[in-house]
Amino acid sequence: MLSTLIELQRLKRLDRTGWTLRGLPNGTESVAAHSFGVCVAAMLLADELLAKGVAVDVEKVLRMALLHDWAEVRVGDMPRIATAYFGADARKQAETRAFVDVVSDLKRDLYTALYEDYEQRTSLESRLVKAADILDLLVQLLALERAGARGLDEFWEVAKNPNFQLGDVADGIVRDVFQAVLQARSEIA
Amino acid sequence: MLSTLIELQRLKRLDRTGWTLRGLPNGTESVAAHSFGVCVAAMLLADELLAKGVAVDVEKVLRMALLHDWAEVRVGDMPRIATAYFGADARKQAETRAFVDVVSDLKRDLYTALYEDYEQRTSLESRLVKAADILDLLVQLLALERAGARGLDEFWEVAKNPNFQLGDVADGIVRDVFQAVLQARSEIA
Amino acid sequence: MLSTLIELQRLKRLDRTGWTLRGLPNGTESVAAHSFGVCVAAMLLADELLAKGVAVDVEKVLRMALLHDWAEVRVGDMPRIATAYFGADARKQAETRAFVDVVSDLKRDLYTALYEDYEQRTSLESRLVKAADILDLLVQLLALERAGARGLDEFWEVAKNPNFQLGDVADGIVRDVFQAVLQARSEIA
Amino acid sequence: MLSTLIELQRLKRLDRTGWTLRGLPNGTESVAAHSFGVCVAAMLLADELLAKGVAVDVEKVLRMALLHDWAEVRVGDMPRIATAYFGADARKQAETRAFVDVVSDLKRDLYTALYEDYEQRTSLESRLVKAADILDLLVQLLALERAGARGLDEFWEVAKNPNFQLGDVADGIVRDVFQAVLQARSEIA
Amino acid sequence: MLSTLIELQRLKRLDRTGWTLRGLPNGTESVAAHSFGVCVAAMLLADELLAKGVAVDVEKVLRMALLHDWAEVRVGDMPRIATAYFGADARKQAETRAFVDVVSDLKRDLYTALYEDYEQRTSLESRLVKAADILDLLVQLLALERAGARGLDEFWEVAKNPNFQLGDVADGIVRDVFQAVLQARSEIA
Amino acid sequence: MLSTLIELQRLKRLDRTGWTLRGLPNGTESVAAHSFGVCVAAMLLADELLAKGVAVDVEKVLRMALLHDWAEVRVGDMPRIATAYFGADARKQAETRAFVDVVSDLKRDLYTALYEDYEQRTSLESRLVKAADILDLLVQLLALERAGARGLDEFWEVAKNPNFQLGDVADGIVRDVFQAVLQARSEIA
């Protein structure tokens, strides 16, 4: 277990390249800090779904949110545009192979199953974690822009017409939060 | 939900003061990055317990690990020695009040119940999360010392005679991991 | 003397949490750098008072400005809102106990007397140092906003209706400088 | 020309992930700073070759050293181990496609030709730039270790048995410098 | 050669003081990163000159761009205003002496000759490198302002009425790029 | 007064180049943080002198310690070796001219008189501040080495045979503290 913990601890220092490539300081957000944010957003969304009567497996949601970026400790936090050069499928396959290696000492098929579910968006939970992934990005964007950062318009594209195919009730919940972020952004002087 | 997400996102930038007060650079580890590490350690420990036949509620473990440091967004990451000046009980009460305020918009009693359980170490899950909290500290310490950091001996005290009262099997698992960290440390040149 | 110097040197790295919690980069301002700024502001204010005929003990002002944040090396730079959870009196008492411990090796009652005077705002000098403390905050705020930082409006509240009870002449001097900062801020594009 | 300059300027902030993944602080070395180091090492090596009578095209060497990492502005600074998951050929092809896009506005076939020459190690100059790339890594390693960094042994592997196929004279020059770095390392206390 | 490489590697960490003095974070731009930017701008400008039929020695341009700031490893990156206190000639002479010492182990008169040519702006190539030096500053400024930085107006002064005495064709090329930067700046919201 | 405060606030971000040139991270110590350290060391030394019966003007000591590095906001924190290229006298004269300009708006001859006294080491107080300047350097060195930094031997040279010509009693006090720092260093593993 220890060697895996030691390796994953490296995500605490790995910068999210989206920010540094756009001129924000090193240390703006680590992959670990982002994963924390995704877990938080996922738990809050899941509890809202539960409150509205949508069945969701919160343990599965939290496990998946926690491990969805572990492959980056081997392949780095590749910029979004990199996919255009590697190909979406090749990138996914490479990251899956990296993930499998990261957890290989643990001998738990569950982790790989969760990772593949997330990559394929098979389950409701995987699609909810994807929504949380985007939501954490938007909240971080909002915080950066409130603190004075500019030049990040391209990132906001993902907030338009969100459709995570979570069913009518859950999609509505997500849409409302996204709308609230956009509203908060429009109020920045 | 959004205002809570915005506030918790601040933990991504809040430095763990233990490192900066000992001369390590700003940005060494954020509270959010530490919380990610605790979640990871908690999940791996919980799954090891399950594999060894110890019943543990993983959802509860993950929820608790995720939120155990949320109060710091209001009171900061106080150095350990600060407790000597505020008093252990007064500090816990203040942090609990801060936590209650942080989650007040969410109107979910569950979060406060989990926080109080953690603070009181009532459940097995709360004691397991505490073990994970210490384990993440040790793994971070090991990583820093492997990278050349020195002068952190005082932190290693917590690794001695760990007793988290998890029952014989679980305590044995935790003790083995702690032993492995100490062994790895002794091999640093 | 050495052990005290070694401990106080830690303030050079301790971030002022007000900035990092609002999304500014780690390293924006250390407690030591802020203390330097308070000393500078205090000396310039004191010399202006002297020039206008107000008697003020500059040595006392400088000593007090220099040591007013030493307790933070033990309790950290707590966010302002933390006071709501600990209670103003309990916080002051804890910080005073911390200060006493920080300087205990020096065996100089003078330092503790100056600290308590500052905390109680007993003397003219202590109130002048408080004015300098706020002035340095405003100048730092102005510098950050000129460099592009935003979202710091709440900090500017302290600049409104300053009344440090320094007597008419001295209050007028402080009010003029505060007015000049606000004017400079209004000119930021 | 401007859009290309704006994009390449981003390399000034992009961290070399080798360091951050091993626990060194963000900002340890940017890709731009590394490219500067490779240019310097390449020029000094080339001038030494010239002095020893080996014909080398210095303009070509400097152009190639300057542009050899430009693709990273699109694909990031991938950790070495990432190659195991993407495949060496697929990675090279993706990076070449990225490079072609980076320089596409300039409409200069020369740049792509130099990049491909470097990737294929076709010319003496390309192999000399590769030697300079490794030499800058070693000098950076030495500087980090002299400053107290540890845990970087794996990087030193590249210094063993260097063979850049530059011909006897030039290989001897490179071997001597590498030997000097190893010697300097052995003298670190 | 090694001792020179070790010393020059220090430029990777030396901050350009222009940014930090104006409130931008440490690590905004190192001298090495700037030198990389100047080399890139110089190569692109030189190739544009060649394409338009202006004879220019690209090897000389690249060598000069690469080494033009090496003296700073001994005298630091002095703020522009420092020249007013040291005197322009005294500053140049001191920097030249520092440069000579930096390269003294290499025993290559060429480097000193290139440095002096650059300082005196004797050749077309030296004037082109100066244009590239300013162009990199402008591109960095543009990137910082696009990312939200403000308060940098004074730096833009250098973009007005550029006249590098490169001859009509080359001056026109440089003027067009400068104009494009100013245009891009005017489009920042 | 405000324009002077705004300018001096810049020292909070200006790195001490001695550290960054030796491979320590940006942000290791600002000029403002160092000045805070010198003020602290100066006050503690002065109070020790008073306790041992040596007459010393503490107000003068604190004023001088506070302003002794203000010129750096105009000329930067030049590396020690830079003096060899500018000449010690020329450097002092330039820095004095810079200091005079920094404080010119304040119209207080006292500040310039204190600065010149410090530069000339005329008074006992100026020599005591110099001792405090070195003492703060040693304490910072010790803290960095305890935290794992290496390669800083050259800085320790200043601790050998300290002779600040403070008179027998005061020299003895300073020598004892220096000896204690050296002793503490020798105990670093």
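The first chain written gets the first letter, and so on, giving A, B, C, D, E and F; residue counts start at 1 in each chain.
The rule is simple: contacts are C-beta pairs under 8 Å (C-beta built on N, C-alpha and C of every residue); 3 or more make two chains touch, one makes a residue touch a chain.
As the structure is a prediction and not an experimental result, all values here were calculated from the model.
Using the contact threshold fixed earlier, the set of chains in contact with both subunit E and subunit F is C, D.
Note on connectivity: the fewest chain-to-chain touch steps from subunit A to subunit F number 2.
Most remote chain with respect to subunit D, judged by CA-atom centres, is C.
Where subunit C touches subunit E, under half of the residue numbers in use are shared by the two copies, so each contributes mostly different positions.
Inter-chain spacing, taken between the CA centroids of subunit C and subunit D, is 48 Å.
Separation between the centroids of subunit B and subunit D, computed from CA atoms only, is 40 Å. With centres set at the average Cα position, the gap from subunit D to subunit E is 22 Å.
Residue positions 10, 22-27, 143, 148, 150 of subunit F each touch two or more of the other chains. Across the assembly, chains come into contact as A-B, A-C, A-D, A-E, B-C, B-D, B-F, C-E, C-F, D-E, D-F, E-F. Contact residues on subunit D toward subunit F in their complex (touch as defined above): 25, 27-28, 143-144, 146-148, 150, 188-189.
Within the complex formed with subunit F, the residues of subunit C that make contact are 1-2, 4-6, 8-12, 26-27, 29-30, 32-37, 39-41, 43-45, 47-48, 58-59, 62-63, 66, 106, 108, 110, 135-136, 139-140, 142-143, 177, 180-181, 184. The touching residues of subunit A, counted against subunit E in their complex, run 22-26, 148-151. Contact residues of subunit F toward subunit E in the complex are 10, 13-15, 17, 20-27, 73-79, 81-82, 85-86, 90, 94-95, 97-98, 101.
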